[in-house]
Amino acid sequence: MPLRLKPKARDLARTFAATAAIAGLVATAACGSRAGEETAATESCVDTSGDTIKVGSLNSLSGTMAISETTVRDAIALAVKEINAAGGVQGKEVEIVAEDGASEPTVFAEKAEKLIREDCVAAVFGGWTSASRKAMLPVFEDNDSLLYYPVQYEGLEASENIFYTGATTNQQIIPALDYLAETGVKSIYLVGSDYVFPRTANAIINAYAEAHGIEVLGEDYVTLGSTEFSTIINQVKSADADAVFNTLNGDSNVAFFREYANVGLTAEDMPVMSVSIAEEEVGGIGVENIEGQLAAWNYYQTVDSPANTTFVEAFKAEYGADRVTSDPMEAAYNSVYLWAATVEKAGSFAVEDVQANADGVSFDSPEGTVVIDGDNHHVTKTARIGEISADGLLYTVWESDGPIEPDPFLEGYDWAADLAVTE
Amino acid sequence: MDLLVGQLFTGLSTGSILLLAALGLSLTFGQMGVINMAHGEFIMAGCYTAYVVQQVVGDAGASLLIALPIGFLVGGVMGLVLEALLIRRLYHRPLDTLLVTFGVGLILQQVARDVFGAPAVNVSVPEALRGGVDLLGVTVPKTRLFIMALAIVAVTAVTLVLRFTPAGRRIRAVVGNRDLAETAGISSRTVDAGTFFIGSGLAGVAGVALTLIGSTSPTTGQSYLVDAFLVVVAGGLGRIKGAVVAAVALGALQAVFETYSTASLAKVGVFIVIVVFLQLRPQGLFTLRTRSLA
Amino acid sequence: MSVALTCKNIEVDFDGFKAVAGVDLELARGEVHFLIGPNGAGKTTLVDAITGLAKYSGSVVKDGEELRGKKVHHIARKGIGRTFQTATVFENLTVAQNLDIAAGAGRSPWTLLRRRRHLPQIVVDTMERIGLKDQAETPAGVLAHGQKQWLEIGMLLVGDADVLLLDEPIAGMGHDERETTGLLLHDIAADRAVAVVEHDMDFMRAFASRVTVLHAGAVLASGSVDDVSGDARVQEVYLGTATKEAADAATA
Amino acid sequence: MFKFFGTRAGTWTGFAAAALVLFGLAPLVMTGFRLGLLAQFLCYAIVAVGIGLAWGRGGMLTLGQGVFFGMGAYLMAMHLKMADAEFRNGPGAVPDFMELAGIRELPAYWTPFSSAGFTIAAILILPTAFAVLLGLAVFKRRVKGAYFAILSQALAGAFAILLIGQQSLGGFNGLSRFRYFFGYNLDDPVNQQMLYFIVAGVLLVVVAVSLQLRRSRYGELLVAVRDAEERVRFLGYDAANVKVVAYAVAALFASIAGAVFVPIVGIISPASIGIVPSIMFILGVAIGGRASLVGPVVGALAVAWAQTALSEQFPSAWTYAQGLLFILVIALLPGGIASIASVAKRFQTKRTPVEAAA
């Protein structure tokens, strides 16, 4: 026998529902500010009263990007540990709140908001893919907080709320092209994964090539993660360029270099310049398939400097002798030190103070001295071309004359005038 | 001209890779209508088998030859276990099997990640298979020739087993008409397990071979899985012949699309072709005639 | 008695194997017409062809309209209903819901999207007729075997089919249930044509108005029960083995 | 007790209680951030209601709902980007991400999206129409079961790849950085709460529509098609049309969910709509109970919450947990959480199982 409400009770229930619906409508109608009006500034909840100060470490610990991003997490943790051992920042111990970005931009946005609003961190370190950074950017701007982003990227961005400690294009792509031009390369072939970084990089490369008399013989993209390269390699081979510029990402490099070697192409007759292959990736590709090929970065484990020796030793001591250090790890390590130095200079953890005092802050990093540019929030970096050697490490074969000033919108290059507009 | 010959070969080569990945599926899918989403992870297990064997044996050539049969066993045993523990219980719920095996795949991926680490590992190509052979003016990598040969051997072996061995005849009887085979005294249970062993074993073999051209990482299997399923769907249930034709056709299609547009559009193009194709032949290229309804 | 359905020279070809090889058949209203024959004689395939499931050559005409080439659901809308060897009802729905769906093939989308306020009269009447009135709210899945078969027949009745093709409607029934089913068949055949594919000879003898014997895809004999029973060829190729089969089934 | 909710009064009470929790309780006890998170989860729940209808009631395992979710999301995102550009640089302005990608001219297909009305119409019509066309193409040819599942999955893969290649849709990065939602500032907490109320209201409407479909004659017919498609066909129905309706409604729900997801989360990219996200939609529905009305909602919320809560501490354990959930729930409890009560009852009375796993 189904339970039946008496008519009266039924009416009650109906009224109940109607009331709730109306309440909802009323709440909906009570709207906030409209476009053009100022939104009341969100109050920062960062607690600076205690002995510790919290910072966020937001990296993908699961999913496809976990391979790369866990190494960055380790580098951040190492820097924080060292800083704490040396007395902390402003006398406070730095405490890391770690979050998993799960290789998904939406998760990055969600976790960034959690770090800022729930954990009340003073700054967040992390992010890898451009998609994750683009997803986090509005969160940091809306909540007026700080992100330190440690990976080389396609440039064309400068947010008040982000510090970019990896290379922008004029510190990586352009030096790589300069190097190729210096060594007499007259024609190149472009191969990349189908997403933003390779497409932007190749747009720059095309403009550069046109201005410098280099012929671009082909430009091919594969879907991310693709392992099918026979068509492209066939085309590369018959094009017979002087060099290949490779912006492939992740596992695709494995298939690419194997196929490349198997059709008889070598570093001697057609070198490949890669911008996404660091020490970590060489092992998976197999040294025998990639030995002698070139890479463009700002840092290699083999960089010869006292700061780097200390860094590599400390890292291996912390995480094991078999671990290697790479460019994004170094940039992440730097980012923590740069933040600490800025806070010390400003004498405050407040976002506006850090922003106001960032210009000129420097750190004697493993790659050399890096200095923050207060206008675009990037840092000066030394460009290095490395050659992959039989031991799986990269050795510098060319180095820029000192650190290069960051120029994310390529305003200093006439041939790049058509590429992008300043924001 | 060179490019055209190259593309022709690429089609065949891509097709044989697809075929290797799909051959085992076409057996298990055809047999029970079971969609085994963990098939990709069985391929991945084959890849790691090749890696482990190479670590132990050292010599790349010898280890490849040893890894092929071991890969078959590893894949096969995993398939047997999966069949006995889960699939057998879900025989009347094929869609549920799909989801359950997806869960199994997730777990296997994570196991690989925890055991071997997330970064790709390197399986060296044997000296004898490095470099290429010049055929009609194009350089054909030896690794791809090897994979084509292996695909031919695998298809031939499966065909021979199905045709001429008593076990194969039983499998064909069950695929043809399960109930009739039961009444004829064939235990479909044993046959299911056997088919699953062979089908999953073939995934293992495919994995070993695919280390020659691709990467070996926890997500390796995923990249082959959807394409392999499309091959089986287009080829028709339980038909080795259909799988062969469909694999080569899709491979060629992909190569042609890729030459005249981008690799991304090629994927989309292949999908559209398959939907249109199913409009014309809803049961795939080749179908078995049974008297059953629907 | 009027002819409801005329089949001429039906041929069904499975990859070169002729499952039905040139069958002529007439079904008349007011008759319970039995189709018998050994396994593989083509009985079910013939039903498949008429209902649009199997492709065939030849012609099937109902009330002057050619049905060949029409889709399954169009043929059903023309008043041709069929059952399957294993009773196929909607097990998760109640008896009333089963019948309501069967009664509603012509409903407008608007009617479909609203709740059922009350059962159509024909559904209520039919539940009475097939003896499932008390089970109206019972899920079809828990019905006894025989009841499912009655329900399936009932679904054809409410759907206003006037040619009923029943595939082994008494399989697995007890003696009393067979008797009831037989009477039901004659009852509904009053203004409809009913064709029954059957193995059970006793049932056939008791209830057939007309019998057609199929063998190897062709008609061997056709006529009254006595005509067919007396046919020497039928006795030779079929009845002998069939009675033996039936005996086997009874002792099993 | 359970029967009560089957009555008319029970239905009203259920909705009233849900409305009270969503509109009254949740905003009271949750911080702005948590409420935003809940709003995001409610979007998944809306998708889940549609899947419950198509899969649970209709038997169509739609492994590609990400496609429709993505369509709604991208359509909405295009409007938000257009409105943003127009607000800052006047009519015909190019959205910021295009400027950065070197696209100077607004692509023609973007132009109509400056209209809010056109965008909303597109969100409601385009995915639904696409689902109808695809459904007709597939179901009329009686492609079903595993074949349909594989095709829908391949579709999700192809769609994601297609989007990654479109620079004028943000490529791999997708579309992000939305400042205004139909004229309201998105960084204002009051407006964020308003968005939450909108999505909560949409969920209630979607559940009500689904309830009406289930209780109507169509709902019974859909179950009939799921359980015995051929039988329905032989009763004179075109079973394909019955399936197309449920498939299209599920697509519509997913599209709406995608459209409200965008202003809440602030980004849509191919990573949210490919093969894996699409199959993850299924997980919540399976856990909650595919054939029940509220089950998918509860399941989707539970999975999303568990992912957020667990993946922080144990990223690797969460993957294992996901895999195990798929295996255990689907193999042992195909009716999901919603069936626990009836399973327990069946266990007590030791009757033979009646309701087969749908």
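Letters A, B, C and D mark the chains in the order given here, with residues in each chain numbered from 1 onward.
The rule is short, and it goes like this: a residue touches a chain if its C-beta (ideal position, glycine included) is under 8 Å from a C-beta of that chain, and two chains touch if they have at least 3 such contacts.
Bear in mind the structure is a predicted one, so any value in this text is a computation, not a measurement.
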Q) Chains shared as neighbours by chain A and chain D? A) B
Q: Could you tell me between which two chains the number of C-beta pairs in contact is largest?
A: A-D
Q: Just grab the chain with the largest centre-to-centre distance to chain B, centres being mean Cα coordinates.
A: C
**Q.** Rounded Å distance, chain C centre to chain D centre (Cα mean)
**A.** 44
Q) Distance from the CA centroid of chain A to that of chain C, rounded to the nearest Å? A) 71
Q.
Using mean CA coordinates as chain centres, what's the gap between chain A and chain B in Å?
A. 37
Q. Where does chain B touch two or more other chains at once, residue-wise?
A. 113, 262, 264, 267, 293
**Q.** Multi-chain contact residues (two or more partners), chain D
**A.** 161, 164-165, 230, 316, 319
Q: Quick one: which residues in chain C touch 2 or more of the other chains?
A: 84
Q) chain D touches which residues of chain B in the complex? A) 29, 33, 35, 86, 89-90, 93-96, 98-100, 102-107, 109-110, 113-114, 226, 229-230, 233, 262, 264-265, 267-268, 271, 274-275, 278-279, 282, 293-294
Q. Once bound in the complex, which stretches of chain D touch chain C?
A. 212-213, 215-218, 220-221, 223-224, 227-228, 230-239, 354-356, 358
Q) Contact residues on chain A for chain D in the complex? A) 2-5, 9-10, 13-14, 16-17, 20-21, 23-24, 27-28, 30-37, 39-40, 42, 61-62, 66, 98-100, 102-106, 109-110, 113-114, 117-118, 129-131, 134-135, 137-139, 141-142, 156-157, 194-196, 199-200, 203, 221, 223-224, 418-421, 423
Q.
Looking at the complex, which residues from chain D come into contact with chain A?
A. 1, 3-4, 6-10, 12-13, 15-16, 19-20, 22-24, 27, 31-34, 36-37, 40, 87, 96, 99-102, 161, 164-165, 167, 170-174, 176-180, 183-191, 193-194, 197-198, 200-201, 265-267, 269, 271-272, 308, 311-312, 315-316, 318-319
Q) Of all residues in chain C, which touch chain D in the complex? A) 51, 71-74, 76-77, 81-82, 84, 88-93, 97-98, 100-102, 104-107, 111-116, 139, 141-142, 155, 159
